[in-house]
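The two complexes that follow have chain A in common; it is paired with chain B in the first and with chain C in the second.
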Partner chain A sequence: MKKLLSIATLAAMVTTLVAGEVMVKGSDTMLNLTQRLAEAFSAASPDITVSVAGGGSGVGINAVVNNEVEIGNASRSIKSKEISNARANGVNPVEYAIAVDGLCVIAGPNNPVKRLTMAQLGDIYRGKIKNWSEVGGPNKPITLYGRQPNSGTFVFFREMAVKAEYAQSMRQMNGNSQIVEGVKADAGGIGYVGVGYVKDGGITVIELSSDGTSYSSPLDKSAVDNGTYPLARPLFQYTNGKVKGDAKAFIEFELSPAGQKIVEEEGFFPLNKSLVEKNQGNL
Partner chain B sequence: MKKTVVATLLAILAAGSVYALDPGQTELEYNGWFRYLNQSAKFKVTNPTASRSLIERNYLRASHQWSPQFFSKLSMDFLSSSSFADGAGVRIKEAYVDMALPIPDFTLTAGVQKHYFGLIYSWDYTHPDKSLADAQGVCASADYGVTVNGFLPKGLGELQLGVYNGEGYKYTGAKNSIAPELLANLRLTPFAGVQVGASVFAKAKDFSTYKNDKKGRSSDGTKFELGDTANMSRFALAPMAKVAFGPVSLTGEYIVYSYTREYGYYDLNRDTTGTVIDSTLAPRKTKDYAMSGLDLMPMVSLMDRKLEVFGRFSTWERKEQSGDSMPVNLDRSLMRYGAGFNYHFLRRAGGSKPGVAFQLAWVREQSRKEGADPVDTFMAQARFEWNHLFSAQ
Partner chain C sequence: MRLRKVADRGVSAVFLVNAVLSAVVLLGILAFLLFYGVRTFSGTPLLKFLTGTVWNPDAYGEPSYGLLPLLLGSFASTAIALIIAIPLGIASAVFISERLKGWVRVTVKTLVELFAGFPSVVIGFFGLVVLAPLIARIFNVPSGLNLLNAGLLLGLMSLPTIISVADDALRVVPHSYREAAYALGATPWTTATRIVLPAARSGILAAVMLGFGRAVGETMAVLMVAGNAALMPKSLFDPVRTITSTIAIELGESAFGDTHFYSLFALGFVLFLLALATNLVAESLIKREKRSFTL
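Let's turn to the complex of A and B:
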């Protein structure tokens, strides 16, 4: 019995997260951004390795709840049910916003439709509007591109724009890059991607309006910051309790001017004042 | 007017959402548990009173999400049993629809569904044996009814309010009384690692002939007991708590359960030779029953959650009315304790639910009956569970 306990203890020690390594998992929207931040951080702090994996926001939150990683990436807020389950298992999810995303609605490069209302966008993704001519465009069937259900972007866009089930005809793509490529090659295509994925151009970024009078672009920092752009969202990282150790050093780097510069270079927006203050309360 | 009512109802529905899956998705799930069980007195495993292999669970579940507002699930329990004419049977364990309510994170569930009493609905079989309320017949884990389910804001907990038949999912139609069971369940998670709560149910009357099966002569031969017994004023309360710190957790509940049984019988009149010469219908009588029990389960999760080591300690005390007093029925009061482990070879996608696991548990049951030997039960179980999502496309 003593021997069995020793083996179990040893095995537990071996599989315990290795010191000097921070594991991050979750949102695919945040994958490239976090990877860039990790590379820059490791260059400045060579003793600490940051491993980054995708899988979707739900996977990232679950990984924190199950104590599999130090940091879970999520492009949506954690749900009440997830917090309740986490707490019952002794995990206290703490939220840090690391960047702001203006989720972009994109169309092919030559599409004359430059503006949509949120109501039109919802009708398009619910399958009610099927042709570009119904929103002032050419007589061309609309091809819908979107994410897979494990993606936080899929959930965010559904809750903010679709407000019902997606049309069954929507092509569910693996990631943002695949959506961009799909829409670029499809004159009737429409898709939604993180703002970090439109910086290379070659596509139309559509301006959106909640009320049908004032339109704003996700590329306009002030519109995203002041909430005028209807598809702006913070990008979160979750930890079990207030972050500490190597993971804290990494998150502090992400929130530092150097980290926020990378956020901008990757096409996302740096944190506004209220998000910075909220983060400070959790550090 | 009609249009306005319909439009209002639709607007209310559209305000809420219930996302178990994504709209258009269908999930197929299978739970299979193959168990070997050895039962003996005082560890005499080579001379067991029971030694058998069995399929303890054989569930096939299908779920579908129509829209953000509607979700449904069907769970079927396929049984192989010599008690069925064909040697096999199917039971419906769950068949319900979830509808979103306009309050965020609140849903209405209608159909055969989880019965939210004590630990019974959250019992995930870390210990392969049943939860205390299930094992002692306080209530079944599923029943026919309607429940309002809700999660409190900021992860503070959850609650359920339900109305059920109250006799459990195995009983239908004529085997259900007209008195509904009312149930309330509350779980609070005020801090990480602390969960507290309580469940309570009350039912005015059970139609319980099927349960008590007393049609026949009493053991002392003085009565012919009738089958139309009924459990009156059935009531149960179960406070629970769970504390978890890192890989260690302790889950416990305390159950109090009571009912009054109403029964009828004929007095059998015998001659001097003991032969029954006639019988007299006696006035119906009642008898009170009061039970209480404690269940504690400590657990340590090791090796990145691959290995779970657990213990268990339970008590159950049954008191039965005898005249004006309520003495303990020692034959039906007991203490159980034991230990075991689970090894998870694989977990399902998402990381929480078991995929392929091996479970081993030992349980010692000590009846409080004077002179009774303890009964040792060993359970070795292969647990294999999978699910697959089918998207709309």
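Let's turn to the complex of A and C:
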């Protein structure tokens, strides 16, 4: 057992030490985006390969905390407990925002409910509102779709919208596309996915409002940009200490105009000025 | 002569080493599970773990580690799988072994065995995209991602195992049994059900046990279609969370040294106990069978 473990650690060390390879792991919301960025980056600098894996934001942050990868993707910010775990391992997590996401609340294609307040949304996911008729829709029970606890989106949505435990009846899906598939097939379904996953259509993207008077859509770039849309969030990458070497070259590419163009092509939003400035301080 | 003896000794030494090695590895894994698993109970009492009805380690408020919804999820989906797979599997095995001949038999058997090695993620995808909407439409329920879907997929996946092993068991029943039955004027149906099946009983029991193992241990396909809400299931159309999918979902994000981390090893130990219990039951059934069955 011990021998096996030491061989495994040795192998892990060798792979991290190999020059020209950057390992990225984490958020499923960011998976397609980071893969596209990695392809474009490797095309421009062929001597560096970037390998990207999913698993969820919790998995990505954990991998940085345990010093297993160079870059951890996370669609939520690091928790204080994770920071203290990292410090205990001698790891100093540093944060870079690479894109902005308007987390979309989605419903079935023919659902007449086009807008919800954050209070209603919270009640729906807390299991207090159980029927669409309570929010101005047809008399149809609501089926909740959400992510699994390893997902940053699961945590972010709980912090921002639910502010309590999720209703136990929520179906916990394994990734954004599975939520889209589930909601597409379910006329009473509601779910939440990154904005990069709604561009193919076939579902209703619900407009949200914090105050109950002005509603905004996550597809509206300016509303996401200036924070009017209540579920706007940056997508992060974490490294151990200020990023250096090949990983730095990759992150710099992501933040460059070419990288930000790919961000938009994938349906997400480019960084605004304050996020760009925050990144500058860590580069 | 002497050389042969040396070779003989050598070979049995190799086998002994192999046997010891597999036992050591198994015990090592067991010790590892126990070693980590018991630490759960410094964070949450054992009784609460065994009787709790809420599994929510990553809670907004206080985390809770209740085994029951997961255990029930595993049991319920496996039970549905076996209800489907046992009769279908044994019937198919009888058909393949007793009625099919020559190249047809070989082809069918090969296909069945090929299906046994089918990647579970593909079956899960089938469940997600094809079966789920179908279930939702047929039963007029909002979502097809539920216990029934998981059970159906697990049944589908344990079917080839059951068929293949049961067919092997039927094939080794001596041909003279069948000839004797025919000589007494029995029809093929009577021969199969009254003579061949009972004679192969212990092998068929083994087939069922292997099918059970396949179903209860399956992770990926179930994870994709079960809905994964850690509810105490009340109907076929409720989402369920199995023990295996819980470990798969949560291991990556749980921090080393956390109660959450250790609780997943405790879950692994529960799975081990489950497998052990079924094996013991099967063994004792087979033993009793051997004593009572005389022909």
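Basically, the second predicted complex is superposed on the first by the 267 of 283 C-alpha atoms of A that agree within 3 Å, B and C clash if a C-alpha of one lies under 4 Å from a C-alpha of the other, contacts with A are read in each partner's own complex, and residues count from 1 in each chain.
Following the convention adopted for this analysis, a contact is a pair of C-beta atoms (placed from the backbone, for glycine too) under 8 Å apart; a residue touches a chain by one contact, two chains touch by 3 or more.
Owing to the predicted nature of the structure, the values given are computational and were not obtained by experimental measurement.
K.L.:
Put the two structures on top of each other at chain A: do chain B and chain C fit, or clash?
P.N.:
These partners clash in the superposed model.
K.L.:
Just to be sure I read the superposition right, which of the two partners does A:Ser274 touch: chain B = first, chain C = second, or both, or neither?
P.N.:
In the superposed model, A:Ser274 contacts neither chain B nor chain C.
K.L.:
Return first, second, both or neither, reflecting whether A:Glu68 touches chain B, chain C, both chains, or no partner chain.
P.N.:
After superposition on chain A, A:Glu68 lies in contact with chain B alone.
K.L.:
Once chain A of both complexes is superposed, is A:Ser256 in touch with chain B (first), chain C (second), both, or neither?
P.N.:
In the superposed model, A:Ser256 contacts neither chain B nor chain C.
K.L.:
Thinking of the overlay built on chain A, is A:Gly189 touched by chain B (first), by chain C (second), by both, or by neither?
P.N.:
second
K.L.:
Is A:Gln168 in contact with chain B, with chain C, with both, or with neither (first, second, both, neither)?
P.N.:
The answer is both, since A:Gln168 touches chain B and chain C.
K.L.:
Let me test your reading of the model: by the given contact rule, A:Ser80 touches which partner, first (chain B), second (chain C), both or neither?
P.N.:
First partner only, chain B.
K.L.:
Determine, under the contact definition given at the top, whether A:Gly56 touches first (chain B), second (chain C), both, or neither.
P.N.:
second
K.L.:
First (chain B), second (chain C), both or neither: which does A:Gln178 touch?
P.N.:
second
K.L.:
Looking at A:Thr143, would you say it contacts chain B, chain C, both, or neither? Reply first, second, both or neither.
P.N.:
second
K.L.:
Out of 20-28, 56-64, 182-190 or 218-226, where does chain C collide with chain B after the chain A superposition?
P.N.:
56-64
K.L.:
Residue by residue on chain A, keep only those touching chain B in one complex and chain C in the other, then list them.
P.N.:
58-59, 62, 65-66, 81-82, 149, 155, 158, 163-166, 168, 171-172
K.L.:
Going by the contact rule set out above, which residues of chain B touch chain A in the complex?
P.N.:
14, 17, 19, 21-25, 66-68, 104-105, 151-158, 187, 189, 191-195, 242-247, 249, 302-307, 309, 350-352, 391-393
K.L.:
Provide the residue numbers of chain A that touch chain B in the complex, in ascending order.
P.N.:
8-9, 11-12, 15, 58-59, 62-63, 65-68, 78-84, 86-93, 149, 154-155, 158-159, 163-166, 168, 171-172, 241
K.L.:
Which residues of chain A touch chain C once you look at their complex with the stated criterion?
P.N.:
My answer: residues 1, 55-56, 58-59, 62, 65-66, 81-82, 85, 140-141, 143, 148-150, 155, 158, 162-166, 168-174, 178, 181-182, 185-189.
K.L.:
Can you check the complex and tell me which residues of chain C touch chain A?
P.N.:
28, 32, 54, 56-61, 128-129, 132-133, 136, 142-145, 223-224, 227-231, 239, 241, 249-250, 252-256
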